[in-house]
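Several structures are given next for inspection.
After this come two complexes, each holding chain A, first together with chain B and then together with chain C.
Now for the complex of A and B:
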């Protein structure tokens, strides 16, 4: 069996201190092999972004361990260059993830300067290669992010992440700020890059259609706890936990989801699902209505 | 938004150039030494021969004293602003970069210092120092007003470190110096430039107020505050002694505010 690229063991993340200390993620654990995609799904506020931010070094674990290539990951500021270059992230909002004062060329060239392996001419060539990799016109290089569409910005963000030649790419809701047409294009691009570069990916998404298309494995998180995980076909088509079934029902068949007694109870009394969680489920219903047509059943 | 220059900003530019000329040439521009006493020309009205803005009770040229006062007041306000900006920005940036304890300490310190009006603090410090003079006044004003900069810089830089493009830059292993130079400081320029200009206008008023109270400039120095204070005794007899420095202050403050307003509009 291939050694895991990433191994998360009993991971817990807490915010606040003293009496206000509250765990937003607890006991999370899974392995991810090189070149594999793990989708992290769950409603808003379930802790899926916290999980990937901990892997990226942007959140500090309160307990447990994250091993990357067999080595425990320290906080971001203490990571070795190999670790830093090995893990890169594409954020949710493409507009906020690019410095509005820099040209696209500078955005893509800066990580190469930090790595320091290439001279000026080689860097310029590499920037153009990166643009080719994400299917963007070289004429965009001298523009500011504000002149680009949402899909183009997200491609630039992907190219920036790839400039470090990572082994693990984290896509934190990287499709959710895009329109349907761009969601399809960018998810197709991510899939193509995964195959070409043998990238492992942590793919956080609300969109079950993209999850089914991209992921090899799925990890379902509810209220900061992993409730189910396994190969994509097993989790999506034969879900074991009630929560996974609810999420899928909401994604695949909104009408059925609304008829679910658990959701109707929550709708009536704010019941076992928090308001925030409910908003997450409603998000899925709205965003994935198209899934109804493509339901495997 | 129109980026054409308004008459106010053109006027502010002219005032700025005039200040620069005065800072370089001083009272030589008036053709008189601001300390030269001529008792035969006591309290001469404006437009008297050789004295465009008249003379004071010792026959000293008012224009020469105004220009010398501008050198003192503008110089002191500029230096005090620079001191407050340097200290405040350094502390604010240091506290914002993952300095949880430093951020807490800074908040406590600025809350404490800002609970006293800065002018009252300046008066107290100068009184305790028992010394007056350009650097005593300038350092005191700079040292009691830096929390204004640190609070703003801390708040803005803290929010910048939460922005995704800064986090993406951190994830590349970029040095802290490069992170500040390329991602944090450029984003702070619009806010800081407006703050600096408004702070400068405040420092002009504060320095003049200290001189007016007699605890700023040393005795006999020609500063706007001291000229206002001395002119009070001749308010009816020789109103130009108070009107001159009062108008000069108003012009500088209005010019500074016009520049600040223009910068604010540009960066909005």
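Now for the complex of A and C:
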């Protein structure tokens, strides 16, 4: 068995101090091997972004440890270059994560200048290589982000993350701002990069369709607690928690979910959904075409 | 007019005939010629990508055509009355009265400095001429019917104090408080989490059955879950229209098929 690239142990994150201190995530733990994709799934406010932000150094753990390549990660300011370069992040809104006043070339070249390993000619070659990696035309290099489509902008954000040759890529809702067609294309690109570069990923999403396509493992978070985790085949095909089952039904066949009278009545009323109301949900999930494709190993 | 025709006319809530929308200068046709009808109790989905003209159609029905765009032809009838040529003062009685509206983002469509209840109360007083106490009672009753937990407390809550799902329940309550003939819902679940989306769709389907509804969405799966009929819009035109099951499972137009395939729908429910 390969040593894990990332090992999260009993991770807890709290915001506020004194009497206002509140844990937004507690007891999270899993290992991720090199080249594997872990999907982090949960509602807004569940703590899924907090988990990956702690890994990226953007939130400070109150409890537990995060090991990257066998070494405990300190707060952001104390991380070594190996750690900083090794973990890169792509955010939800590519419009907001690219500087509108910079050309795409500058966006991609700037991190290379900061690192300072390459001379001008080598940097230009590397920028073109990065564009090739994400299948963008070199002619886009001299444009500004506003001239690019949402899908193209997200590809630039991915290329910028790859410029540091990371071993772990964090994609925090990186597909959510894109339409269906672009979601499929960008998720295909991420899968290709994973294979080609042996890139591990933390893939934050509540879109079960892209989770089904992307992930090797799934971690479901609800109210700051991990409610289930395991190989994608186990979690998606035999979901244990009510939340996971409901999320699958919502994503895969909302019509069938609303056609079930007990489930529909419970949904209309809001609040927690009982096991009785969810009794028919596995049939709904199982009937979906996506779930009938060859199950992932 | 025969008895049958009279009955049909009575049942017809919305009748859009040969609607044409253009930009004013330079003149550019946005919607060349659009026909759509909705009967009482019916929920019709208008599905398409951004820029297809679906939201513009919805705005035209609500008398909210944006500046620089004009209705250049055709007619819109609501409950047998022509509304596309109403003056703004007349629109104010229709909007919020005979037409209730639900928008994508309830946080930006509620006034942040007013309580949720005061917005509902204002609408009920304006359109129904109720006194303060009666309007407040109606607001609480409406929020309760929207299954908003703690409806009595929610009346005095500010929009930011509610969750996204609760706000959308309140928004649907605001749309329904004056028992409109037609509900216009523009991407009502797009900004919500998947499980909350499902809750709001369940609520909307139940509530819209008492009136009639036009639901604008890019999500054909969401439309499939609540609509009786679906019209698919592409570049300003309806390219396919029919009963939901037919549009989803026997699509005729290649664009409908691509939307359907991208949504990975399951077997026929």
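Basically, the second predicted complex is superposed on the first by the 254 of 297 C-alpha atoms of A that agree within 3 Å, B and C clash if a C-alpha of one lies under 4 Å from a C-alpha of the other, contacts with A are read in each partner's own complex, and residues count from 1 in each chain.
One rule holds in what follows: a residue touches a chain if its C-beta (ideal position, glycine included) is under 8 Å from a C-beta of that chain, and two chains touch if they have at least 3 such contacts.
Just so it is clear, the structure is predicted and the values come from calculations on it, not from any experiment.
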* Applying the touch criterion given at the start, work out whether A:33 contacts chain B, chain C, both or neither, answering first, second, both or neither. => neither
* Of the two partner chains, chain B (first) and chain C (second), which one does A:197 touch, if any: first, second, both, or neither? -> neither
* To do: Applying the touch criterion given at the start, work out whether A:67 contacts chain B, chain C, both or neither, answering first, second, both or neither.
  => neither
* Of the partners chain B and chain C, which touch A:243 in the superposed model: first, second, both, neither? -> second
* In the overlay, answer first, second, both or neither for which of chain B and chain C A:184 touches. => second
* Tell me which partner A:118 touches in the superposition: chain B (first), chain C (second), both or neither. => neither
* Touched partner set for A:97, first chain B, second chain C, both or neither -> first
* Is A:89 in contact with chain B, with chain C, with both, or with neither (first, second, both, neither)? -> first
* **Contact residues of chain A, present in both the chain B and the chain C interface** => none
* **chain A residues within the chain C interface of the complex** => 43-44, 179-181, 184, 206-209, 243, 246-247, 249-259, 264-265, 267-271, 284, 287-290
* To do: Write out the stretch or stretches of chain A touching chain B in their complex.
  => 56-58, 76-77, 79, 81, 84-85, 87-89, 91-93, 96-99, 101-102, 110-111, 114-115, 157, 160-161, 164
* To do: Within their complex, state which residues of chain B touch chain A.
  => 98, 163-165, 167-175, 178, 182-183, 186-187
* Asked: Considering the complex alone, what residue numbers of chain C touch chain A?
  -> 49-50, 147-149, 164-165, 169, 193-199, 201-203, 205-206, 218, 221-222, 224-226, 248, 259, 262-267, 269
